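Inspection log for the structure reproduced underneath, given as structure tokens.
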């Protein structure tokens, strides 16, 4: 196994782990905002890692370009939609759980 | 998972969640299509099932209200009817060739010719595109007409008078709060439009084609409309012009057929469009795909404008 | 029998999906939901077609020198057309619902039928 | 250009539709649609002549030969139906100008004509094509435009009727799609003639049986055959009058054509005969349709609705002929297709004229109409007589052939029941006649006769009703040959 | 490794789906749908490599696009609905 393959495998593994933890977080966390925290961060980084891994596999070609475009796109849209979501939730009057209500 | 989603849709009473689930359902089925090698179909299903149709449904919901009023009762007669249909399909399944079998009749008769000879006869790598555009080009013409018909139908149902001169409604003014969204979208719209063009002309080689490109193009415009308001979108793109474009797309497609007829071939026979049949096929496919793209984009924009126009109208009534 | 189950599992899924979709269309009172059901119903048919076109070991039907077995492209073409038809129907249906809601003040089948009777 | 006739038949209205949208002005759009429709009628006449003299024509779209490309295949049967549809469209369109102007909002009139052309193109496309999937595509073109046309009615109930039709129609179309898919899975082809050759090999499989069932149920939904007819009366009653005349005269005919095409050409007469209960089922359903719908029609207050129910009943007659499975029965069905188009066209057009002047088609509002609108009332009566099946009208011819066909098969109870069914028709027509002729008009009414532009096409249809009732040579010989060809094809 | 990633992605998709089922608020569902979309993009990309046909990436791009548009659309309309609710409440009061 060559170095770049090994590297991509590691990246894939890391990405998968992040995504999985994010998924569990979304399922387990108590309210919208914490779930968003779980989803948003892991999504972006996990996606980055996986796409990077794929780029390593792809080598220099049109495919690489496309992967980069997808990556750029995800990097821009991911946080943006998280932001919009959070804002909308806040405006709609969903309050984050704090203090005592969290312990319940 | 598809089944689970479908059941979820059946049970849920909040229409918003229903539509959300149906969007997920669209994504899921698209995934399924990818694993079944149907990349073009997945492409379209993603754009339609997960994109356009939930969007339209949301807009509708904003107008008609979000919740189902009546509690749901299990309807026995419906259940019986559905069971009969299911049983019929079950019966059908009994004698079907096994899934994936290469010797099934469906794989034997007509299809091999497409796979083996379309390379020489049409000269483009994407077999789906060549079947779509030449062997069964008339079906695609019908498909464009269906889209056009739907556009005409929606227009005639939801047409409102000339609203361009009306002042911005309160609903649209509120949109100005979305600074971040606006900036990001502004940056993204140009690449999206470029990407649409890429899909349009790359359809010969990879998945994609006129329909998908049209939907993406329309999606870009719809994003703009959502964030900057209907009126400013209408200033950029005149609605009457969109109407004409919808018709032009169909006519373009038909014109290719008529030209090939004038040149001595049958309707939609691209071989006669140029001296070399392969070139003729190329020209034909490019032009008809363009026709499809134009009509689809125009009709989608038109439909969205009509829906949003109703939404804005209601805003006026509320004020 | 087990053999049947394994070789036809796609079609079972299609069947269940179709029944659910069809049930929603017939039994639900809300007009929007009926259309969603119609979509599910249609999608199940799409899956039926696409399953019929799959060849084990085949690849996507885009010609490439490295590949020799392709899945059947014809069902794909048909379903592309059918999807387009489906979205056209959905759009028209939704437009009708908007008009119905304006005319009757409701998007429930029962309300509308009651109003029609008087 | 003569060799391109089959395709011109369909693409002419198809391309005219978007051009019409660009034209814009309603008056222009009407003239343009009328010209297109007339041209389509001319083409269909030429086609019928060509087929009559030289036998079936097939036309390969895109130049790809049959099982690979899409084929247009014109034989006597569909040439005959093409003529019915295009000529009825032309005649009705000639008389619609005023009625559309009165019933449809001004800014939607252009769209109305665009939809009309699309609907015409869709129907012609279904008829002309020889490819199973192409049928589905054009079915959707015609259905979507039909939903639009219906929803343009003035009453808000038109919207509801349109929505109901949309749901039912889509289910029907999807069923047909499933059926086509199953057929494709078993044979690997979509071309109808090719299917006809390859289906017998796999005819014993349950999959093909299910395919047959799905297609038949789907078509019957479109056809409004008895238990599946609930959408039809609403749709016809609330659509704009001109649309009702057009749809009643053509749309159900096309559905009957599909039923014939699928059961006789594609699956073959033998396949149908294999399932004997199916034929009896058809006859039974047809009879129930005749009786239940006629009875309901008698109770209606709105005449338009009553005549719509009578359509369901008339479809019943056609299905009976089909269910007989013999050449004579088939011929009777085809004749009735033609004749029913003529008489329903005449009836609904006279109602359109009434609606134009009176603004209503309720029975109570029509008192003394014969004094105010004598020509229109007369046309209605003649159309009604034809519907009942009085000698010297077309209605008589088709009933005659139908009864003969049933007697040939030795089913005399069916023949008696058909005659009793005609008596029911007498009842609902008589109710209208009584109100129109034997009641005094309300003194205040200021209604005048319908304009010439409406009366002319109306009377054209009425005269056709009588002419083809006396000189039966053309339709009878064409249908006889078509029926023979259908039964021969399967073997 | 690609296979492992695919399986993980499917698993996460199932998790997101269950969140979409449970709700409880609309925003949870949107979040789930968004997550689901991102996962789909990755899944398609990975499957493309798994099958050795990286042309599939075009589809992944469309998904990313549609996902973004979808989320924005949902949010805008929810906002609109909320506005309407609040304004009708004001009228009531």
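First chain written, first letter: the chains are A, B, C, D and E, and each begins at residue 1.
The rule is short, and it goes like this: contacts are C-beta pairs under 8 Å (C-beta built on N, C-alpha and C of every residue); 3 or more make two chains touch, one makes a residue touch a chain.
From a predicted model like this one, the values you see are computed outputs, not experimental measurements.
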Interface with more contacting C-beta pairs, comparing B-C to B-E:
B-C
Please name the chain that ends up farthest from chain A once chain centres are defined by their CA atoms averaged.
D
Return the distance between the CA-based centres of chain B and chain E, expressed in whole Å.
19
For the pair chain A and chain B, the C-alpha centroid-to-centroid distance in angstrom is 29
Averaged over CA atoms, how far is the centre of chain A from the centre of chain E? Could you give it in whole Å?
12
Specify, in ascending order, the residues of chain C that touch 2 or more different other chains.
22, 31, 52, 59-60, 62, 64, 74-75, 78, 81, 85, 88-89, 92, 96-97, 99
Check: chain B positions touching at least 2 other chains come out as 39, 59, 61, 89, 93-94, 96, 104, 106-107, 110-111, 114, 136, 139, 142-143, 146, 149-150, 153, 157, 181, 188, 206-207
Residue numbers of chain E (touch at least two other chains):
26, 30, 32, 55-56, 58, 61, 65, 67-68, 72, 78-79
In the complex with chain B, residue positions of chain C that touch it
4, 7-24, 26-33, 35-37, 39-40, 43, 46-47, 50-64, 69-81, 83-92, 94-99, 101, 106-108, 110-111
Counting only contacts in the complex, chain B reaches chain E at residues 1, 4-5, 8, 14, 16-17, 20-21, 23-24, 27, 30-31, 34-35, 39, 42-43, 46-47, 50-51, 54-55, 58-59, 61-62, 66, 171, 174-175, 181, 185, 188, 192, 195, 199, 202, 206-208, 212, 216, 219, 222-223, 226-227, 311, 318
If we count contacts the way the header does, which residues on chain B are in touch with chain A in the complex?
178, 180-181, 184, 187-188, 191
Mind listing the chain B positions that touch chain C in their complex?
2-3, 6-7, 9-10, 15, 18-19, 22, 25-26, 29, 32-33, 36-41, 44-45, 48-49, 52-53, 56-57, 59-61, 63-65, 68-70, 72, 74-75, 78-79, 81-83, 85-86, 89-90, 93-94, 96, 98-102, 104, 106-107, 110-111, 114-115, 118-119, 125-128, 131-132, 136, 139-140, 142-143, 146-147, 149-150, 153-154, 157-158, 205-207, 211, 296, 303, 306-307, 310
Of chain D, residues touching chain C in the complex:
133, 136-137, 140, 144, 147-148, 151, 156-157, 159-160, 162-163, 166-167, 170-171, 173-174, 177-178, 181, 184-185, 190
